[in-house]
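These notes are about the structure you will find just below.
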Amino acid sequence: MKNSLNTDDTLENSGLTEEEQLLFSNARPRAYEPYPIKAVEDFANWARANSLWILAFGTGCGAIELRPLMTARFDANRFGVAGRPTPRQSSVFIIGGYASVKTLKRIIRSYEQMQGPKFVICLGICPINGGMYFDSYNTINQFDQYIPVDLYATGCMPRPEALVASIMALQKKIKAGECDGANRYVENFDWYKANQKKVIKNWDMPDYNW
Amino acid sequence: MNMLTDIPISLIVLCSGLGLILIGMWGMLTQRNIIRMIIGFSLMDTGIHMVMVSIGYVTGGTAPIINDAVPIADAVNRVVDPVPSALVLTAIVIGLGVTAVMLAFAVRIFKARNTLNIDECTESKW
Amino acid sequence: MNDLMERLQRDFGVDDITVRKPALTTFRVKKDSAETLIRELRDREGYTHLNFMTCIDYIEDGIFTLVYMLHNYDKKLSLGVHVDISRENEDMVSIHTLWAQAWTYQRELREMYGINFPGSPRLEEDFCLEGWDDIPPMRREFDTKEFSEQRFGHREGRHSEEPRDHMKVELYPNRGGDEK
Amino acid sequence: MVTATITDLLLHPLGIYVLALGAGFLIPLFDRAHRGSAILVFLLALACMVGIAGFNLFGIINGATAIDIETAGIKPPFSINLRFGLLEGGIVLAVNTAALLGAWHYLPRLKEHASALLLYLILVMGINGMVMTRDLFNLFIFIEITSIATYALIGMERSGSVLAAGFKYIVATSIASAFFLLGTIFIYYQTGTLNIDDIIANQELISGPIGFIATLFVLTGLLIELKPYPANGWGLDVYETASTGIASLISVGVSAGMFFAVYKLLPLAGDFLHSIAFIGGLTFLFSNIIGLKQDNTKRLLGYSSIGQIGLLTLAMALLAQLDSQVDIQSQMYLIVGGLFVNHLFAKAGLFWLAGLVKSSSIRGWSVISKRRGMLLLLGIMMTALVGLPPFPGFWAKWELVMLLASNDMFGWISLILLGSLLEAAYLFRWFSYAQQSVADDEQAEIPVSFWQPLPVAIAVLLLFATSYVMAAVMQVASPELYLPLVAGFALWLIDGVHGRYKNLPMLVAVAIGGYLLTKDLDGINSLFSYLLIGGGLLVSIAALYRKDDRKGFYPLLAVLLLSLATLLRAQSSLEFFFSWELMTLSSYLLITLGRDGAKPALSYLLFSLGSAYLIFAGFAVAYGATGSLLLSSLGNSGESMTMIFSLLAAGFIIKMGGFGFHIWLPDAYAEADDDFTALLSSVVSKAGVFGLVIIAAQLGVRSDIGLDPAYVLGWIGILTATFGALMAVFQEDLKRLLAYSSMGQLGYIVTGVALMSHLGWVSAMYMTVNHFLFKGILLLSAAGIILRTNQRLMYKMGGLIKNMPFTFTFTMIAIIAMSGVPPLTGYGGKWMMFNALMDKGWYWIAALAFFSSAIAFLYMFRLLQTVFLGQRKLEHHELREAPAILLIPQGVMIACIMVVSAYPKLLLDPLSAAIDPWIANTLVWEGTAMVTNFGYWNAPMIMGVVGGVWMVPLILLLLISLTLKIQKVEQFNIVFAAERPRRPEETHYAYNFFAHYDRAIGFLVRPRATAFWNTIVEWSHTTASSLRIFYNGNGQTYALFVVMYFVAMFLLNGGLAL
Amino acid sequence: MIFDSMNEWLSKAGYFSLTLLIVTIYGLFVGALIERIIAKVQGRIGIPYSQPFINILKNFFKRTAISHGIMFYLGPVFRIAGGIGTLAFIPVIYGNEMFSNFSTAGDLFLVIYFMFFGQLGMALGAGESGHPYSAIGIARGLSQMTAYEVPFALAVISIVIQYDTLSLTEIVAAQQGGWQNWTVITNWVATLAAMLALLGMTGYSPFDIFLAPQEIPIGPPTEFHSAYLSLLQTNRALFGATKLILFMNLFFGGATGWGELMIKTFLIYMVAIIVGVAFPRFRVDQAIRFFFKIPTLIGVMSIIYAQMLLTA
């Protein structure tokens, strides 16, 4: 039986049964520093910006706008964008519009399974303030309460052109070294977690999905 | 001399002996009743004894007693062979013993199973 | 169709028979005889397909109206069976014995309206909502806006427009939104 | 002088009769006074009969002349004439001993009636008379005396079925003896004498129809008493129903007398010999077939009994036929005597055991599964009866078959071997029932005291003694040959000690014994001795991990390992076969000790015996061709070479689980004890390789015609490899997977041997060593896993790498060594074989070899994945590493693999040197590289390069890891399509791992071989059913068959032509 | 001593490092080129030529990683060691001692068997990740491998019969002196069988089910990321190029210079690509059955053909 106290190194994982605690890691995520040499960090950011692997997880209606990106008309491959089916290998998470509570849980899981540095783009109005679902009993209204967001592409829905523009904007931001969502998430981990747990009532997963 | 007397007596005994054997065997093989089978056996046994006796018989021979009447040199041709007769005696005794045992079995089988039908004694097979 | 309706009226005392479309008739039946009637329709009358079942909340009358939509493939006819149940005593006979897939609808009704279907499989499991801890959200006494604001928060700066007026302003800004 | 005379007088053979009759008078007298004293008299009389027979026989063996007794001082034919010669003495002694032991067994029933005691004595006396008398009519009398006594003894029982059976018996035998009497009198009619010697002397007088009928009646009358098929239902019924005491006496005593009577009259038989042989063979074969379907213990023994007597009759008739051509008197004594004594004690012992166990069906014999002593006795009796070493039956069968072979009577040989196999089938089926323990609540305690099985034990000792005497006569009784048994016996004496450290004496014994046995070997034998004995010892060390007593395990293991040693030093085919059978038997018994070992062990035994009999037949053909038993003379067998090679190779291949004959292998391997499976696969299977190499060396390379069978062998080998691998792919059971893998790997070795080239053999031997190493590791690892998880199904494990890192590492290395991936040992073997195959032009085989080695990846990866990797089960979180004693031998073998991988020359040089005498060396070395016609192989360099290219990315990754925050996570921290895993069981992809492969080519591995063998079993059972249709239980039908028998004999011998 | 001196070791290793570098870069470049060609077919521009390099760098520049255990950690190492080792045993440029690598260690047989090394290590690493999709991917991949090995083995046996040697250098040597001496001309049957096997080996459509990017997220490497993934990607380029070099040596007359090598391997690769873009995907059991049918038959014929060549 592992130490189940919520300390600096470990998480409580109170959503799990005692048996399940054996099966999930209870380590607390840690922030990473930029490379000590500025040039290396810049080069790394350049590489990251030019190799954006998008997690193939369509979380809402905006998922349909991702498809044309790869087609001949928009050809996002030019920007080093590629789809990746597993969060482990992806660096960009595009939230496709409204997120129901049920989906939010999966988004959190997948986001936590991505390896840093990782970036989040929110599509449409819904992640910002709920959009047309502002009074829904089941759709969250402010996405950045739960996951740090690097970029919003607003509209309902933004067209692929807007998406391409937002990718280019993201690249610019990454190259500037301003996309530190992963670190923000870790640094404000308890706050994010509290927000998440406030809406997700059946928290049957570890506090951090490694 | 008619035809009948031409036939040596030993042959008659032999043939009737063989006949008895066949009858006895027929009895043993066809009669369902154990007692009848035993009778069949007795008949067969008797037939064998007759065959044995007939084998040793020398037509016109005398009793195998070596005395003045039958000189030793001539004995082989003149006297009836005594060995089969001696054998028959033993065989009769043995036959009797077997018959007795069979009868004892018949009694016990009847006591145990209340039947003398051999067809009903087939529980051990294959 | 009329024969059937007459028979149903005679045997089950159905009322409120309405021909909504040539191929769709609805009627109302008592809660107690509903299951027998539906079974009869399925087994005798060829209404072998359960299109869906759903519920309407008549909070003013204090009832839920359950709607079972049945379809006859041979005659290409649909029947809507309406069953009123009390909002206070929201129990209904499960029809998963008639159509195995009905348990899914019943699970949904349970989650969204809190209607109980004793005996229906996996009734207590979450269907669409995970970990719901309030009154069932489709009941009309549930205030979804208040719930949303309380739970999901509210970002300042949001305002609403009447689309017609807004578009007029957008399209004809020079004329102050006047079409002419 | 005077005392000597008195002694002579007292111990004169006639004393037997005097004693019997005298005691017969005394017993009722004593009985009046006290029952106990009557019993004393009875036993005393029997003992004296044994004593007299023994004394006189001893005298005769020491050179005294045969004793002829003429009553009343008159010469035959007018007197009753008895003879006590060597044969008579032997049989009388044996029968009387059996009777004495039987009396011990039967005493509880006998002493109920004083008359039973008396009848028993009379019965024994009658048998003595039948044996000794030289007078035809006397023979009849003794037969009748015996019969009446038997009838009476049977009649003492009160149950209806016994009485019915007894009556059928009387009817049938009385008809037979009636005919015998008729025949006797006809003979007397023609010859004028009843003395058998005189009759034989005046044989020419018996002529014409009467002579023919007379001979027919006499011989057939006696033969009927031997219960030939199908006129033997009456005998079976008595065996089935009568109490075991009397049944055993009928089976061994009365039959012995009758048999000897036939033997005496055999010179008269003339043309009848053919039909007698035919009847004997028929009876032997059919009884054994019918036995397959029999569940009733005593009836089963009856079939066995009849079969054995049939074999004796067959042997006697065949030998008599031969005897007219060459002088084979001494072999005749050996064969008939051996078979006779074997049957006598073994069958009697089994009857007595049956009497003690009192279970009418053989399925009920599990009551003795806990009584190890009785189980041992049962096993020994069966072993003896089937004719396995070291019992007299083995020597006798060997002599018989060799004799037949030297006279080209191969049909009879196959009949005898087939019959023996069938007999083994039903006897050992019974044994497997007996040693299956049932649930404790069903375990009915059988009330058997220590003293009750004593006669059986004595019979066992007598069997051993006879065996040794026979071996001595055959001049093979070297202490070396018996060393395995002696060692096993010695270890058995300390087997009662509790605890596992009995293993140590076993190891010491095997080490010393093995060293003594193999120290002066050279060449291939020497190499194999390192592998078999050294390897065997290494693997056996692991047996220490078992903490329980393992009764019987260590002695049997010693027998097994030492019999491997004797196998290696065998010079003659007899020694080879003796050791081979001993090995088969001990490994069979070891398998039965496993969890569910009984049933698979039975099929193991049957296939092993089948293989052994093929080998036997091969040796027989060789002996027929060369007249020599020496293995080294196999090569001189000229035209029969192909035949010999095929037979022997088939035998060895079955033993190695060759394609089509493999169905025993997975079950046997899976159900044996885990450490023993390791031994079985890594060591014992190499005995087959050894055999194959030996015959290939002796036969294969020398002959020109030997190539075609070699090509077939190559195909068999590669098909075995392919299908073994394919079947392993679809196994869920860890040990079954490894078993099929073993089968596949042995297939390569077979192909390597079949190549008949230097490189081929080197590759075969190299693979043999390699197989020993990796399969030893794999199965010992499996033992550790099974010990810890208590589980054999792989999909129920998973993730064990966390608990058992050492076991995992060893397994992984072993698997790489197996799969042939460079740089480890497997590559060298595959490379050499591929080169040899290409050299030979066997391209198709090469392609299949390639394919099957690719398939090996599938099952080996599956093993690693489903057991060690993937998701760990919750209940396995607390498991510990396998015990050190299991890991140590594995570690040693890993070290060997590593050394050989880097410097294969260390192994290849001795291998090559051993093969050089047979095939000229073709290995070319250039520095550390081996060069063939096609390519080259530089093992040290490969090892260096692989090590280098492995280190580079590792260092790179380690460096990068410095910049990374690597978090060690748990098993459920996987990306799971944005869900989370619920249970390890659902998340572990392991069951039906290669489902798609099954869909694609699974049709190739549907259990066709199993279906085929099942059909064979089905078919033989159907045959048995139709053969036993005659036994309908009706006394009159039986009587009719007796009569018909005479008719059949009449027709068979050309009666119509008269 | 394995080599005469330490110097020879070092110089060999140095030359091999050069080879390795060239082949890796070439492999990555060809990967990008092929992507661009496919993009052209689809009417797109496609990735920049630098994209594969950037991808690898990006993954090296990841800052977090997880580990499932020691085999998981070592899996990519085994994988790339398999790739490097395979290359090490192949003489890359004919007649050039510098680029003959370590081909004196073993022959063609060694190369073929060493190809399994990386697969096995990778399989173990992926297995320890505990991900069921990894295991499924490996099961499928290994099954497919056993299937395409059959025609490949038959083709190899055929050319071994033809050239009477297992040594790659000698096989290439026998093909010198003009294109008419290439195996593809002299033993076109074997080449055909091997090219069909190549389709399975390269893992392009229609034989890409074991990677199955959508159904079982990219198969065996599902759990691999960051630096592990970099190693795997490098290996994918390197190993792919190595296989092409092997095919070039066996069937297309080898190469006497780097230029020739690049052209030839690119053309061989194009075969797989053209088939790949034109066909949909096989299920794995269909793939297995496919390889056991026509390619195997062609392989069988190739052996007969080689024997006929030998007797003719």
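Order of writing sets the labels: A, B, C, D and E. Residues in every chain begin at 1.
Simple rule for what comes next: a contact is a pair of C-beta atoms (placed from the backbone, for glycine too) under 8 Å apart; a residue touches a chain by one contact, two chains touch by 3 or more.
Not measured: the values here are computed from a predicted model.
> Which other chains touch chain B while also touching chain D?
Expected: no chain.
> Quick one: point me to the chain whose Cα centre is farthest from that of chain D.
Computed centres place C farthest from chain D.
> Going by CA means, which chain is nearest the middle of everything shown?
Per-chain C-alpha centroids compared to the overall one single out D.
> Considering only C-beta pairs in contact, identify the chain pair with the most of them.
Going pair by pair, the biggest contact count turns up for D-E.
> Measuring centre to centre, with centres taken as mean CA positions, what chain is farthest from chain B?
Taking each chain's C-alpha mean as its centre, the farthest from chain B is A.
> For chain A versus chain E, what separation do you get between their C-alpha means, in angstrom?
Chain centres of chain A and chain E, defined by C-alpha means, are spaced 36 Å apart.
> When the centre of a chain is set as the mean of its C-alpha atoms, what distance in Å lies between chain B and chain C?
108
> Go ahead and note the Å separation of the Cα centroids belonging to chain C and chain D.
Those two chain centres are 79 Å apart.
> At what distance in angstrom does the C-alpha mean of chain E lie from that of chain B?
Here the centre of chain E sits 99 Å away from the centre of chain B.
> What residues in chain D touch two or more of the other chains?
In chain D, the residues touching two or more other chains are 963, 965, 967-969, 971-973, 975.
> Which chain E residues sit where two or more other chains touch them?
Touching at least two other chains: 62-66, 217, 222-223, 226.
> Can you work out from the touch definition every pair of chains that touches here?
So, checking each combination of chains, I get A-C, A-D, A-E, B-D, D-E as the touching pairs.
> In their shared complex, at which residues does chain D touch chain A?
874, 877, 963, 965, 967-973, 975, 978-981, 984
> Residues of chain A touching chain D in their complex?
Chain A residues touching chain D: 19-20, 22-25, 27, 29-30, 32, 35, 57, 86-88, 106-107, 109-110, 113, 204-205, 209-210.
> Across the complex, what residues on chain E touch chain A?
Residues 35, 39, 42-48, 50-51, 54-55, 57-59, 61-66, 213-214, 217-218, 221-226, 229 of chain E touch chain A in their complex.
> Within their complex, state which residues of chain A touch chain E.
Chain A reaches chain E through residues 29, 32, 44, 47-48, 50-51, 53, 56, 71-72, 75, 77-78, 80, 85-86, 88-89, 91, 115-117, 182, 210.
> So in the complex, which bits of chain C are touching chain A?
Residues of chain C touching chain A: 126, 128-134, 137, 142, 144-145, 147-149, 151-155, 157-158.
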